[in-house]
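Each of the next two complexes has chain A plus one other chain: chain B in the first, chain C in the second.
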Partner chain A sequence: MRMPAIPLGRRHLALPVAAVLVAGCVVPLAVLVVFSFFVVEDFELLPAFSGRAWYELATTASYWWLIGKAVLSGVAAAVFTALAGYPVALALAGVPASWKGVGVVVLLTPLYTGEIVRIYAWRIVLGSEGLVNAVLEGLGLAAEPVKWLLFTPFTTALVLTYNNLPFMVLAIWVSVEMVDRRLIEAARDLGARPFQAFVKVTLPLTTPGLAAGVFAVFALAAGEMLTPSLLGGTSGQTAMAMIDTLFGTAFDWPMASALALGLLAALFAGAAGLAFALMRLDGARAVLARTTR
Partner chain B sequence: MNRRRVLAGMAAGAGLTVLGSGRAAFAAPTELVWATWDSNGHLEYVAPFEKQTGAKVKLSYLNSEDAQFAALKTGTASDWDIVNPSLNGSWRYIKGGVLKQLDLAKMPNIAGMYDVFKSTDKVKDEAGNTFAIPYLWGLNPLVWRTDVLSEEPTYSTLFDPKYKGQLAMRDYALESIAIAALHIGIPREKAFTLSADELAECKKALIAQKPLLRTYWQTIGDLTNLFATGEVTCAFSWRVPYDALKDKMKVAMAKPKAGIMGWCDCFGIPAGLADDKLELAYAFGNYLLGADYASAIAEIGNYATTSGIVRDKLTKEKQEAIFIDDLSVMQSFMWPVAPPNYSEWLKVWAEVKAA
Partner chain C sequence: MNSGIGRASLATLVVATTFLYLPIVVLAVFSFNDSDLMAFPLSGFTLKWYGELAGNDAFHAGFVTSTLVAQPVGLIGMAVGLAAALALTAPGLKWRLGFAALVLLPFLVPKSVLSIAQAMVMSRVGLERGAVALVLAQALVVVPFTTVMIASVLVRIDPRLDEAARDLGATPWQSFRLVMLPQLKGALAGAYSVGVILSLADLTIAMFLAGRTQPLSLMVASEFRRELRPDLNAMQVAVLALTVAIVAASELYRRRRGRRRAAPAARAATAPMEAAP
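Let's turn to the complex of A and B:
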């Protein structure tokens, strides 16, 4: 006997996707929201309504500072990786096909070494007895080790840029590869200089890749905990580390939940700001295109 | 043989199998799972116990004490038979109801424990019942470079501008704030029960200290590396950098008179442990306080147990290495205890790091 056919429309096919999104995204967030209003007594999380955690979050400057710092850190990393990554992506797109694979392997190899290895490698490079200081002292450019190279916000920014560069390059590279070269050639035939061709043709057509890279790096860098704490010195405190301590050591789950939600809201605001900036960049590109015509 | 006989035979066989497994379930347990730190539970440390009892000790290494507590509290650690609360954190296990009350008569080696550990109230509930037993301890000294600093450091050295850029503190609110308290003159008995005003004073001292520090260290491997690469010359530490570097650099350990931060691990039995495993669990607790474990961990791991059972059999050098050459050191012990208002401490710590 044949089973009767079940009529499946597009809406039905979307159900599994919706279920995954609800289970993976909505439910955990809802749990955090609920926990943020609970109270902790004798290491029991009790469902008694309390706004204590939200009041603390709203009135404690250090929590605001940590959240703001996460957003700034993400924005800085996104901007620096975009500036450093665009030329690399263009170069990668320009090499012969047989070398592209080599380029990608070189680009991705640092990721395979693991974050801790990279962090200690940077310490060897930037430390008081490290490579850079040895060169500076050897060339007579510094009489004693330059201390600000390591354990400063500069180090954190540098290493976050380095760590996230492959994600930015890959995102832009894929976009550049999809640009129809004939459009660039046409621009050149019509008298555009290479920079003009880049501004008028390549940049607009690769904006989706740039946007993908910017949002990915922003999210990765804003949530980074290890690099700031091991390389940022006394400036290495992060919101993520604070959330970890509140959940674990202090057993203050309501406060940790409120801080996590506050951070999430700030990161969404930061991402919206970046989206706005990218749209402005689009406008700026148009202005730039007119002035370089 | 007809079909009925075959079926009867199969049924009998199945019945015997069930009975057999049932009898095995009632036999003495042959396995014990010990949740502990990897440094406390090497295979060679537990081999004598396995030989004596015929039971196998399975080691389950911990990532953090918080995770251990959470696992017990949420019931996701049902396979653990012995757990490892710290002395300073035992109170939350007891308050949380995750440990079984212990019958001390079943562990005769308790008699050999040093008084300071035997008499501690930190492993008891308000009624005086014992829920955990301290078994392993050590000191968290200051580690310093004798070729850079001219005299043995105290906690105030960590706040001395003369050593700007060479100092490190642990990125941990509890110890760092307590050290600031000792530095500003608060007695060690009050260092973990600070009033709001005292916390504010500690915060001031820590903010003033911040520009002097090269960094806050995260892990002990991290600090060892900082010493090895010349970034740091004096730090509040664990003993690991000293052991790792003493043959390569001029390093020493200092034990400040103001109060030595100690660490102490305890063993406890989870509240839900099955009755048939209790005897073996008590036997293992007794073993941790005995001579075999004490000798193995002193010789290989450079740690002292809370029992003096092998002290006089160790060389003077070994006694010195594990801090039991001069027992008067126990007079200045202070055991870090997370205060009930720990969130306030964390807020202060966040403010210090934000400054």
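Let's turn to the complex of A and C:
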């Protein structure tokens, strides 16, 4: 006779894991909410119910601008990685199966280099005596070093794209691999040119992967502080650097908390908005395809 | 397109790979360049920057600190990732989507925001910022990566193997240890090395939570705010070489295991189907 089934199964492992994540991630974020209503007196954080920090956040233009800048750099990174990543994902999907593993490793290895290594390396590449300027001058395309390559919003956008490209490629690639090849063959058999088959079959079917990539890259890029502050020059002041100052130097924890939460809310709203827009775009395209048939 | 890879695809992959590796290659080239300045044209081959690196005690200390911090991060990240992946892929899990979202949360909340929130909590409960705080925070950020890696292998394991073991009288633990674990070893090795690598690569969390602990990334960041130096290039290349070695070792291990396991696992998986009426 079989023993009665033990009531604990694999799924019950979810409980301790959830406890760890709640303690390490949810609780700190909740504490931010609480602290944003506290007051600071004589360098001491006192429990109170003050809306001062939230009022300042809502009425100070520079805070709005910092959050807006984070959203802008997230949008830029999401758009650029999507444009650059889609062809790469398609190409990877066409690689013979035995080489796909190599493709993943090649794609992921740069992701493993430290944040500081990447920032450092780009300074060498884009510097006034760096690789790009040497090539431009060697080709006679520039008489003197191009200055805006480094310490400008361009640098920030470029390096944010670099940092996040592998994430975007992976997200799209997974959904391209799941597209049934026979659907594309059928479209081709029915007379669609390769580009038409791509727009009408592949692109709509891979929108979920694209949306996932956009969501992730947006959230990652908009929340990054090192790349803008070390490569963005005078324009590189970030909301995170401001939060760090409020937290450390100014000891204004309520304001730091409110700004961090404002940033977080803007990030999630922006990411959800982008992903939703993509889904809607997909729906619009379906309607368009039906009506223009 | 059906035979091999198209010319356009190949060109795309070459361009993408060049973009991804260009900064790293330039860094490596200058680490062997015989000049204080990182400028073209190159002035000659030298190993002196690596020599200076070998004599720099501060960097050695930073490297040891980074390595010591990375081991527990790898182990905790792997263990929690395994538990999370087992739960996530288990039949009958309620709130699966909610649990998945919770596991992915540390990936989606910016590391900087999360770290500053953790720093606030820790200073209120009296936990000193330092090595322990750093390990816990880094391990948490690693969990989404390890969970996805392990879960992607778990979903490919035939659940009938577990059922068969249980029918033959194995306890859940025996079935896990004797049936599942051998098939998971590669994924676990991969998860561990990803944890180690992400810990070595991290700067953001360290900035907020390392306290007086000085991992290599923090030391380099403070040096590099002032100037670019060829011996720093040499060090970055050395760290990079170590990273690639870890990736290559875990990938080779995974593949070797994969090949050895593939044959019997495939036979075991198809046997019940052949036996079915």
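Keep this in mind: the second predicted complex is superposed on the first by the 250 of 293 C-alpha atoms of A that agree within 3 Å, B and C clash if a C-alpha of one lies under 4 Å from a C-alpha of the other, contacts with A are read in each partner's own complex, and residues count from 1 in each chain.
Rule of thumb we're sticking to: a contact is a pair of C-beta atoms (placed from the backbone, for glycine too) under 8 Å apart; a residue touches a chain by one contact, two chains touch by 3 or more.
All figures in this text were calculated on a predicted structure; none of them were measured in a lab.
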item	value
Chain B versus chain C as contact partner of A:Trp65, first or second or both or neither	first
Touch count on chain A, higher of chain B and chain C	C
First (chain B), second (chain C), both or neither touched by A:Pro87	second
Contacts of A:Ala134 with chain B and chain C, given as first, second, both or neither	second
Chain B versus chain C as contact partner of A:Arg123, first or second or both or neither	both
On chain A, positions contacted by chain B and by chain C	120, 123-124, 127, 129-130, 230
Contact set on chain A toward chain C in their complex	6, 8-14, 16-18, 20-22, 24-29, 31-32, 35, 84, 87-88, 90-92, 94-96, 101, 103, 105-110, 112-125, 127, 129-131, 134, 162, 165-166, 169, 215-216, 219-220, 222-226, 230, 240, 243-244, 247, 253, 256-257, 260, 263-264, 267-268, 271
For the chain B and chain A complex, residues of the former touching the latter	64, 66-67, 69-70, 73, 92, 95-96, 165, 171, 173, 210-211, 213-216, 218, 222, 225, 229-231, 338, 342-343, 346-347, 350-351, 353-354
Touching residues (chain side chain A, partner chain B) in the complex	42-44, 60-63, 65-66, 120, 123-124, 127-130, 147, 150-151, 229-230, 233-237, 242, 245-246, 248-252, 255
Residues on chain C engaged by chain A in the complex (per definition of touch)	1, 4-6, 8-10, 12-13, 16-17, 19-24, 26-27, 30, 37-41, 80, 83-84, 86-94, 99, 102-103, 105-114, 116-121, 124, 136-137, 140, 143, 171-172, 197-198, 200-204, 208, 217, 220-221, 224-225, 228, 232-233, 236, 239-240, 243-244, 247, 251, 255
